[in-house]
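The following pair of complexes shares a single chain, subunit A, combined with subunit B in the former and subunit C in the latter.
Up next is the complex of A and B:
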């Protein structure tokens, strides 16, 4: 496979505890043995239960000595007898090397040490855990609610949370929710500016608290949660087999629906041990890449909207081409955005009849695509003013990106060679011929280039899928494995699986509790982690660059807030 | 080519005399010019702008009301004027109210001295060109008042940007115009037009090409076009409004009739920019076959089309880049243009 990453870990520097088949639990345990209370392996990784005051010790040991430099996700959950925070660690060089660090705390005093000094990304993830589940993190720099309003009472994913109790906040208490955010009058050298939640450039309901020094950004702090729809809780209330699959379409509605569905399918199939037929894998791969093109077209259009300033030619061109993809997706799935196309063990139906017509439509689109992209390069990337605006603005270096858990085109634009499709292969990607795109600039321009070049790669993948589908023998077109009507994975089984979404690593953690519904369902949103790096990228720049940087991150608020 | 100013023509037609008669004729003439400009704006704002942008961006745009969607003009006017006039708390009252009037008024005022052809010119003072620039610059004051009085941080940023931008680009604009004055030796607009129209550049196959300054000095013409884009605040220089950055800049807090005035002022300004370009560089109302006024209208609409084209196709520069281009690029180039023109004129003795 041409996509195999060069072996960077050869020689004396090879991190300890790495084997061919994933992380070597025993060797890892030896590293931190004094803190480990017990082993509790997950399906995807070895898991270590540690004391609540040793979080930083353990995580930094894993980071420094074993090379686990990517804190992918932090899951918190409440059990009958304890609270638990789970840190899902992996490596940017090889995401199949995984380890879970489980930190239990008592129900009476759920305080655990923060991981923020080791991984900056833990800041937001722990705030979310605190907000929704109610775990306290000692020494956390800013342990406020992140998704729910500051006035919210209770922690909705906790066991004793009463959903029927109305949230009563008196008018006086919440007269001006932003009052505390204003600064003292004495601090008059700078100006505090609320960008959003209703602002033309926030791509949804995002509120960016900005401190300005003249036109320059002195400080910036994204305030999220306006689009929080309790997606995790809704998934926990649905049955594995059918009731969860429609929800992922509502996360990244870029429309990255099929990719999102695949994230859930991958985790649930791992949990229930379901094999997906090859034919269905090809269909899934093709659908995902169509979604990726549509997402990147939207990203391109809206990014240019931020730079050009109006609904200009390039935005409309991008929409026009995205429309073609949406038409194809509609032919395939019957829907334009909320596809609900995947099923556990396969997909819901085959390519629409007449097959030739569908294949021809896809081929027409692929044939025209290079010409379209040339047009974009003429209009956008070749334009001097555009280059002046985007090159060397919103710079994110590779180390900072890793520290913030940044993934996807944003990380690849900073030279982080990381793509789950290649590094932790799923679906049919391993069998196909394509490349992972990276750029070294780390600026807004690089991120745009990565997206535009990824569209070409996606087109390559789709083309090969179409060839495969066309030649597939008719009696072997198996679109779904045999899956029982009711799935009840045994209690205590836990897994964390990721796919490469259009915005980055989209992960799902599921803990089975022996019923037909998940005990805990956690979504690791790539946009959530990417957005947390905004402060690093924009401080010291001008307002227009802040807006452009936000656009280049390509956040979908539906996925950030879930 | 110098025609009698419009008020005198009207006075003659009506046969009125004396101070009162002149005043009536003046008012009638002013009303006529105002009506012409407002009609053009009415076409440009709700209708032509949409149609032009739609053509650039592969869309259809208004086509439901009346032929080619022209009824939209009336519908839009009613819609805009029937909206509630929201005046936010804490605005600086007189300034907040005066700003839209200053903006719309200043641009209309400048049209008083523009020769529009077919004898339509309200007055023809000897300092015509200076008067036009003076009037057009007052608009900056309106923008600053609006931005500062609105009690809104976005408006404030927009107002500050507008002033910084206008100062940076007014100077190259005036200097480039001065290079035209070097040719003509007069500031009187009717004279400038007449000299362009009556001098022959070359005669090709029996067709006389007049010495329009766009042909004589294309460099100055290009400079003026660019500086004018900044002056009227269109892409790549639309930073004072910059919808995706500072919402709507100085006009964020304006609604209903005030908003209409701002909107109108902006369009009249674009037309004024077109009128100055037509007068200085494109021979004013001059042209073959068609009446002068028609030619004049065609020329200012061509400039309008150019601004809309830029708006659709060119990214916006950042405010610091914009100031940099103005002071470090445009200013130097316009001085070079002025000095070169002076030197060449001095040597050749034209």
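Up next is the complex of A and C:
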């Protein structure tokens, strides 16, 4: 069902796209033909294998001439005979137009050219590839480890690494970062301020190294990796059918569980050619939107915690509403946070009996929601003090946002009209009546406003899903497709699929190697890209505004570090 | 009015208490026992013999928690602090941002190699006596991520732990139960096992010898690695 729709959309959109290129592989190949070694198409996009010294040429040609302005993800992987970096490009205007640029390098000398001058977002992605797989990037501005500590030996996702062997960081290794800071050397006007990794304003274990000039932020460098719990290794060691599905719940634990599971399900279903029954798609859509409301409520509560500074009314109200959502999700899935509700080809079970009671509970929640949102607007967005703190602080303009691969409410708050649910439709979203919310401010206030208005839209979607589920004929309630007990997609099949998570575009790249476990499983986390833009947003701002900006980005460190 | 004579207002207001006390004391007791402390503590004249117990009860009944979020469990921990579950009802609900003001650390999430030393630093900054509640499977044993190359197999490798709460994540009710159990233990004067397995020493020996490892091995001061947490010996 969903795959058919995608094809239709792509077919319908192709003439509208101004360039003849689109996702038309041959036309694209003609653009960069002098660099292309061979074609290696992925399931989702045409792929071009290029020389390691032509990365910037090819990417900038695609960016400038074919309009691929979104470097969604960089995947690095090690094969028996080579290292590969794959750049997944797509367009902000139409994410169904995709192209993969594959850069192989030899095992002896895994050096390829950096893409950082073309796409700023490649900075962090390449550092991660270097950290976990061991590819070197020539001319990269700062090719250091990003997730693992500096003292780490080896590259854990490489082929010859022993993943069972633990490594540790001694207490002494983590010396006080302020100890060596020579205040007088060179620039005596600045002060180094160390925020985190244990700090109430960082929403988890984020470490922000800040250089202050008076009260203004002169430089800021987010140091991540304090929650890198090897999600990609876990997925690569699990079987497609059942063992991977519990882990996505723990990426974005906001709880965006069902949305994350859907990201994996979408990629794996594409890989194994599974059609999902329509009834299951409606259930998935409803579950996802309930999760989105819970996530946005958490973002709202903790953002106001940062702004107002204590466990005050707004935080408590947001938690109260989240309790209701979590109760509904518990009724549906059996768990408050780690749902494990989706299966490849459908969902695990239908809505709980008695159905009427569940629908009534959801309706009650939806009926009360407008009143509660009005209350929030009175308390937050209508509050002058709050406006003074958030309007025109942490500004991110649309071009910078695109350059950093920013997606989700953060991008939509900067006026980038991009939502995977609408632009690359999956599930039942296409059949439903809802709007993509955008704001033009680009500041902290706009981002909060986008989230609050998205809650209304999610409520609209849930309402329509409830109507559909109620009227669905009893003998057509098919919750799972017929999926073989063991899935073994054929070797060499590769795909990259995304869904719209609560924080932005959540993508999964899977390469099948012919066994029942993925050969490479890569997670494109929206928070990771969003957080990398922090420097652009807060340099030159006051230090309290840095905290507000961090809050409005709504990073979940489990998803940043994976 | 001198301070060794009970005021009429107090005696009058606590009349039922006083009459009960008089009944228990029997006749002929000297009136010099009547004092303000007597008013407060009832008939037992020997409050000092029970002061330790009293302090333990106070400790258990007024716990300041460290506001310490690591991973998924911290979301459930926030729910436990706020409406509906409201940990404050159980004398344990004030999250303090600074470890120097906290008595109890709830460890809500997976500990990874980069974070373990930082967590120990935070723990060291808390004033004695301090208590640790492990929330969830990750901080108990590594949980679903136990096989991860970067995951420390439980917070107990780094710091001593009083209470383990299983679950992934535990429900807020489970956390409330765990905290109540901790209060019970504190009120009875029990503490956690004192010697901690130094995770550095145990796991360091397996690594390939190369320059960095050698250097790190030389840097380890084995004295500092043996962590003993003991109320009696602590400053």
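Note that in this section the second predicted complex is superposed on the first by the 518 of 562 C-alpha atoms of A that agree within 3 Å, B and C clash if a C-alpha of one lies under 4 Å from a C-alpha of the other, contacts with A are read in each partner's own complex, and residues count from 1 in each chain.
Keep in mind that, in the parts below, contacts are C-beta pairs under 8 Å (C-beta built on N, C-alpha and C of every residue); 3 or more make two chains touch, one makes a residue touch a chain.
A quick note: this is a predicted structure, and the numbers were derived from the prediction, not measured.
Engineer: Which partner does A:67 reach: the first (subunit B), the second (subunit C), both, or neither?
Structural biologist: Touch partners of A:67: none, neither subunit B nor subunit C.
Engineer: Which partner chains sit in contact with A:518 here, subunit B, subunit C, both or neither? Use first/second/both/neither.
Structural biologist: It touches nothing on subunit B or subunit C.
Engineer: Thinking of the overlay built on chain A, is A:557 touched by subunit B (first), by subunit C (second), by both, or by neither?
Structural biologist: Second partner only.
Engineer: Would you check which partner chain A:336 touches, where first means subunit B only, second means subunit C only, and both and neither mean what they say?
Structural biologist: It touches subunit C, and subunit B stays clear.
Engineer: Taking the superposition on A as described, I'd like to know which of subunit B and subunit C A:200 touches: first, second, both or neither.
Structural biologist: Once the two structures are laid over each other on A, A:200 reaches both partners.
Engineer: Is A:306 touching the first partner subunit B, the second partner subunit C, both, or neither of them?
Structural biologist: first
Engineer: Going by the contact rule set out at the top, does A:277 touch subunit B (first), subunit C (second), both, or neither?
Structural biologist: In the superposed model, A:277 contacts neither subunit B nor subunit C.
Engineer: Considering only the touch criterion stated at the top, classify A:320 as touching first (subunit B), second (subunit C), both, or neither.
Structural biologist: Both partners.
Engineer: For A:501, decide between first (touching subunit B), second (touching subunit C), both and neither.
Structural biologist: Once the two structures are laid over each other on A, A:501 reaches no partner at all.
Engineer: Using the touch criterion from the header, give the chain among subunit B and subunit C with more contacted residues in subunit A.
Structural biologist: The partner that reaches more residues of subunit A in the superposed model: C.
Engineer: Using the superposition on A, tell me which residues of subunit A are in contact with subunit B and, in the other complex, with subunit C.
Structural biologist: Of subunit A, residues 199-200, 311, 315-316, 320 contact subunit B in one complex and subunit C in the other.
Engineer: Going by the contact rule at the top, pick out the subunit A residues touching subunit B in the complex.
Structural biologist: 191, 193, 199-201, 215, 304-313, 315-317, 320, 379, 383, 385-386, 388-389, 542-545, 547
Engineer: Flag every residue of subunit B that touches subunit A in the complex, lowest number first.
Structural biologist: Subunit B reaches subunit A through residues 56-59, 153-154, 157, 235-236, 238-239, 242-247, 311-321.
Engineer: What residues on subunit A touch subunit C, complex-wise?
Structural biologist: 148-149, 151-153, 156, 161, 163-174, 197-200, 203-205, 225-230, 233-234, 237, 246-247, 250, 253-255, 298, 311, 315-316, 319-320, 322-323, 326, 336-338, 557-558
Engineer: Can you check the complex and tell me which residues of subunit C touch subunit A?
Structural biologist: 67-72, 74-76, 78-79, 81-84, 95, 97, 99, 109-110, 112-122, 138, 144-145, 147-153, 168-169, 171, 199-200, 203-204, 206-208, 210, 212-213, 216, 219-221, 224
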